[in-house]
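Think of it as A, B, C, D and E in the order they're written, each chain with its own count starting at 1.
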């Protein structure tokens, strides 16, 4: 049995490569860092912006002024506006993957000093870049990438102008409820309660996140009471806890998708007819039932169904006759052969196998090539694939947050080498869609924006996407009923400060 | 026929050298049978292997038929001297049929496939021709030694080097092999060097005996000496004594 | 303590040994008595000499079927003894000296350990006393420097010395019967005689029986009072002098050996057909 | 014995067929005394038959998915149950024998000759050649073999072919060492000395005299290795780097089946049993062959 | 069997070093030409090409291969094996944590397998074809035939979930994690050093299952080899001589056969130990054991070359070292080669 003052979480830490909030973007890392650092603002479960380090803020048409509340870092240093400015500057100057979210809307290492300023010790002013509305900017500032770090502490760890990155990857310097005690990659993360947390030290003295890659093992540990919370269980293992005494299942939506990327820069997938045929060659319902279970819901528009302005999924379903007809129209009566690359991880490898089988029925022969994360990502970045199954997440709970990465590709040329762009990787050239997306991001009027959102989605479907969403992604977790006050957050920034445990 | 001068063989490298044969010289005339006796490890086999060309590390000079031969032998030089080994079980390839074993020397010399000569060779050593299709393990020790002799003779060498050809055999079979060797020698006017630790075998076969101890020859005995039991060195006396107890 | 009793030490009647289920017997119907004397067993290779010796020691593998009308050692039947009883007998009352000391001494144990083990097993003494016995025994087999030899390993001593160690180890408990299976054929000619004389001397001193197994009929004749000649598992003849040999096999064996004192041009060769006829008329 | 038989029959080397027949029947006769070994060989024979006639034996298409029938327990309709895609596990096992045999044979065909040649050359020529070849062997041997296979699979892209190459890469050194040890003994044999004396060239000695002596133990070793190959291939399959879906490779089947172990035991247990039985059969067969062919292990 | 002199010892040491160097070269080349993308792994999926390129330069991957190699060797000579991408730590530091975990597991496994395998092999050899021989044979063969990952999972299901006899995955229960200061890195030793008997028993309950499973795998080989060696020795004349001297069969095996096969057994044990150290990959994954096998696999997955190189070199070095030690032990234990060493 786990002690009452420690929270033990089992999950897969395989993708966690850094715990520097200005570097890492991976979901699991976010979940941890969200508890080490505070941001200016955060989102609540329903998607509303709520205060965190900034107790209030004023919006004008030039920008936003934040007023900080009194808080201390774990080191005991007070949180000042200088720390906030330093943090955003650091994010953009460090220029890692995490910076992409601000860079996309016009903030970069060059203009950050001009746009982000500290009028006084407790006030931060952020000017709009001109490519974003202040509302959308707030959502971006609620992301973990905008975490505020202890600049005094960090400056003492700088080597070779690295902004303290080497140190911060494996240490913490935040004002969150916990501090990082130990991180051993692919093994364990141990968080300690922070004495200096603004709301007083949390109830849990320690939070232990344990890497357990085998779902069945994780399930055994949960049944034995060796862990309190299990995530990354397979659908079948999850199913055994439904309605089981002493356990609770939370199905947290992520706003992200499991996607079938098709390489539109190559024959035959460059042909929209072929892509449509493929869209008709997949057994969404069967896969949802047999493979995805609580992990996903069939959805072929890259916006979760419950979002405002979401349109219903188009009529894509397994229809062999129609798919064959489309293929014949496209000039591939006898089908063709493609490779399908995927990470060797559940459920994606299972998706691949099922897609292979159903596409086989319409005459498309699929060779599966599974690989480790680095291989597959590298192939994706290099457009070196025919089909590939990536997954996405949403950074804010609206159409743009979910869809932007599916609908924006400013320069599709090979030369642009925009490997950070999801659409570019598929070689899908969508200038109009890109333009509308950019327009929607700048539209201050909610109504008009909503219309643009609908237009974006319809255009996406009409163009027979080369980045075909298959399933809306959920993160189901199981908790023992000893755990109280755990509320899974949709953008995986669950805070653990309010979690308590009962004795047995 | 054979002339050996100052033959030296050293095994091992500088720090741990083992001087096995120390400057021995002797000569054998055509048709003569020379015996070498001595205790185990005194260097008898080494002398023989150097003569045959199986040993690379000797110094001195060796000539056959008046021609000096080197360490690496040409095919013609190899044809001059063939050897019969002590262990009849080890001297035939276990996976070669007798026919193959006998044909191999001819094939190796590049003189045809050799099958034509197999029957004749077998008959010469008194073995039935159908033995050609047998494997060595289907033969007795004596029969194997006959095959080994046939193999050595198939290239018609004038010199035969015999390293304890009968010491692994029973007395009764030893007699057969010794008779066979004597017959062949007479028939082909062969020159023999016979190594053995059994004085009685040596004295039966040889015209002259060299007694070896620690890599040098300490005594030389003629057939008459042997019959009369005459020795010239204390070591050969001891040996002689022990052999006929 | 020399035993002056005159009953035969070993009495064998109708000994048969078979290897495998339905193979021909390796030893068939062999009978002989051994008193306080030296008897020799000769014959060509594979004639069953060693098998006879090991059958007496009951050291043949379990698959070997050993049967005998009688095989009594000092009056008690050997074949009826349990393995444990045999263990007590071996080395204490019956000893076996094998052909090649290079293989029959344990290469990784010192001479001292191996000889002392025999003392421990049969004299009921332990530790130091056993070593002392071993040293005495080595001195008895005329090893000059027994203290040094005790701490040597088998590969560090010569073949002749090794065979003496073997004799010391086996005769330490003064066995009543010694079986020597070709004790000299692996040794150099020059030391053969020494070893044989030593063995002879010790056996006489203990007043034990000796079975000397060899293929060298002349050597056996020089040492033994009686000679059993074996041919394909059977005893074809028992002699006390070579000159008495009547059986064609025995005569053939003698004639096949070259004798420098009486040179011949061709050696006589065994005529196996006529021997077979003689044995199975 | 010394009477000369007048036999004018023309002497010919016996036909290769008779030779093979003779030695096989000899081995078969010996096998009859080894019931356990017999069982091993029978299992292997069955395996080969199943692999050849897989399409006739398997009741279903091994890749055909019926998502509605997923995870059915063993029954008359599905002898070994169905997997998470509703595929018939029995049919997949039957087709899997083909992959297993293909893997095992390919690796053996690559590794056997390479190991044999390297070992024999090193053993026969000795000196510098030996030192260099054995150094190479030692180095490959000291490579963590599964890791090398992993690296290789990562480099060439996962797949059955890669797995075969990767396993071969690390499987030859033990064979080479064995062949070398054997060659070292054989090269000192008198018949090799005799061959040198009658002028046989080194190549002739190497391939006609030494290599044939090393082949039996190499074959025995290969047979014993086959079990290891199956297990390594399965491990690679387990790590997702072996045969790719939907190929019914047993290791991959366990790997995906282990996700259902607790509730649907048959999905992982069936291929596990198949692997166990097969590698056990190879082990037993190898063990028995060794007893039969290798004099050092033969019953005295 | 070669004799062991000082010169020979030196020669072998030289061989060891040369082998290591070649191992280094080969691993380096394999690692660098492998198309995994460590840069991508660090900068993340969404980074733009400039950041990507900058990281490439920072890692020194823009240099020509031979220069990268020199840089690496230079560092190595100064005890610097580079920084692991995965952890951001010096590789040497990571290894100093991962290696003891594997060492602990492998050592326990080799102990268990020796204590059971050797006596079983001796008995099987002595009583050839008896029930015990047949049992040992089948037992060992099965051990050689089970896929270890399968065995591991089944073991967990039975002993952990079902019978609740052993601890689960990991080295200790999660909430004991991080309480013990790694002095030696061996959890069993460290917990005793700190007097934490609770943690000791907990660690033992965790290690016992994976250790037993590995031990069973290794035991198969050890038993078979012991049996084969024993049989070989039992045919030797000295065994018959010992029996003729009156030594009973069991004592013959223990005091005559065992010392003779000890030297060969050491080689077998060294090989087994080496294989366990390097071959525990799959077991470590199944049991979430934070050892070197898992470290390497993870490193491999993201193309973390420094980590792979260092781990391969360490494992290769250990393997070679074990062989080297076995060789020397061989020479020292066997009296036939010993005196030359003095």
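The rule is simple: a contact is a pair of C-beta atoms (placed from the backbone, for glycine too) under 8 Å apart; a residue touches a chain by one contact, two chains touch by 3 or more.
What you are looking at is a predicted structure, and each value in this text was computed from that prediction instead of being measured.
The chains touching subunit B as well as subunit E are C, D.
Counting only chains that touch, the fewest steps needed to get from subunit A to subunit B is 2.
Note on interfaces D-E and B-C: more C-beta pairs are in contact across D-E.
Greatest centre-to-centre distance from subunit B is found for A, with centres as Cα means. Between subunit B and subunit C the centroid-to-centroid distance comes to 33 Å (mean Cα coordinates, whole Å). Subunit B and subunit D have centres, each the mean of its CA atoms, that are 45 Å apart. Subunit C and subunit E have Cα centroids separated by 51 Å.
Separation between the centroids of subunit A and subunit E, computed from CA atoms only, is 40 Å. Among the residues of subunit D, those touching two or more other chains are numbered 1-2, 154, 239, 258, 261-262, 300.
Within subunit B, contacts with two or more other chains are made by residues 176. Multi-chain contact residues of subunit E, defined as those touching 2 or more other chains: 35-36, 153, 157, 161, 285, 300-301, 303. Residue ranges of subunit E in contact with subunit D, taken from their complex: 15, 18-19, 22-23, 26-27, 30-31, 33-36, 134, 137-138, 141-142, 144-150, 153-154, 157, 161, 224, 228, 231-232, 235, 274, 278-279, 281-282, 285, 293, 296-297, 300-301, 303, 308, 311-312, 315-316, 319-320, 323.
Subunit A makes touch with subunit E in their complex at residues 2-3, 6, 8, 10, 14, 17-18, 23-26, 95-100, 103, 166, 169-170, 181-182, 184-188, 190, 206, 208, 210-214, 216-217, 220-221, 223-224, 226-227, 372-375, 377-378, 380-381, 417-420, 422. On the subunit D side of its complex with subunit E, the touching residues are 36, 135-136, 138-139, 141-148, 150-152, 154-155, 227-228, 231, 234-235, 238-239, 251, 254-255, 258, 261-262, 268, 272, 275-276, 279-280, 283-284, 287, 296-297, 300.
Across the interface of their complex, subunit E is touched by residues 54, 57, 59, 83-84, 87-92, 95-96, 98-100, 103-110, 117-118, 121-122, 153, 155-156, 166, 169-170 of subunit C. Those residues of subunit E that touch subunit C in the shared complex are 236-238, 240-249, 255-256, 259-260, 262-263, 333-336, 339.
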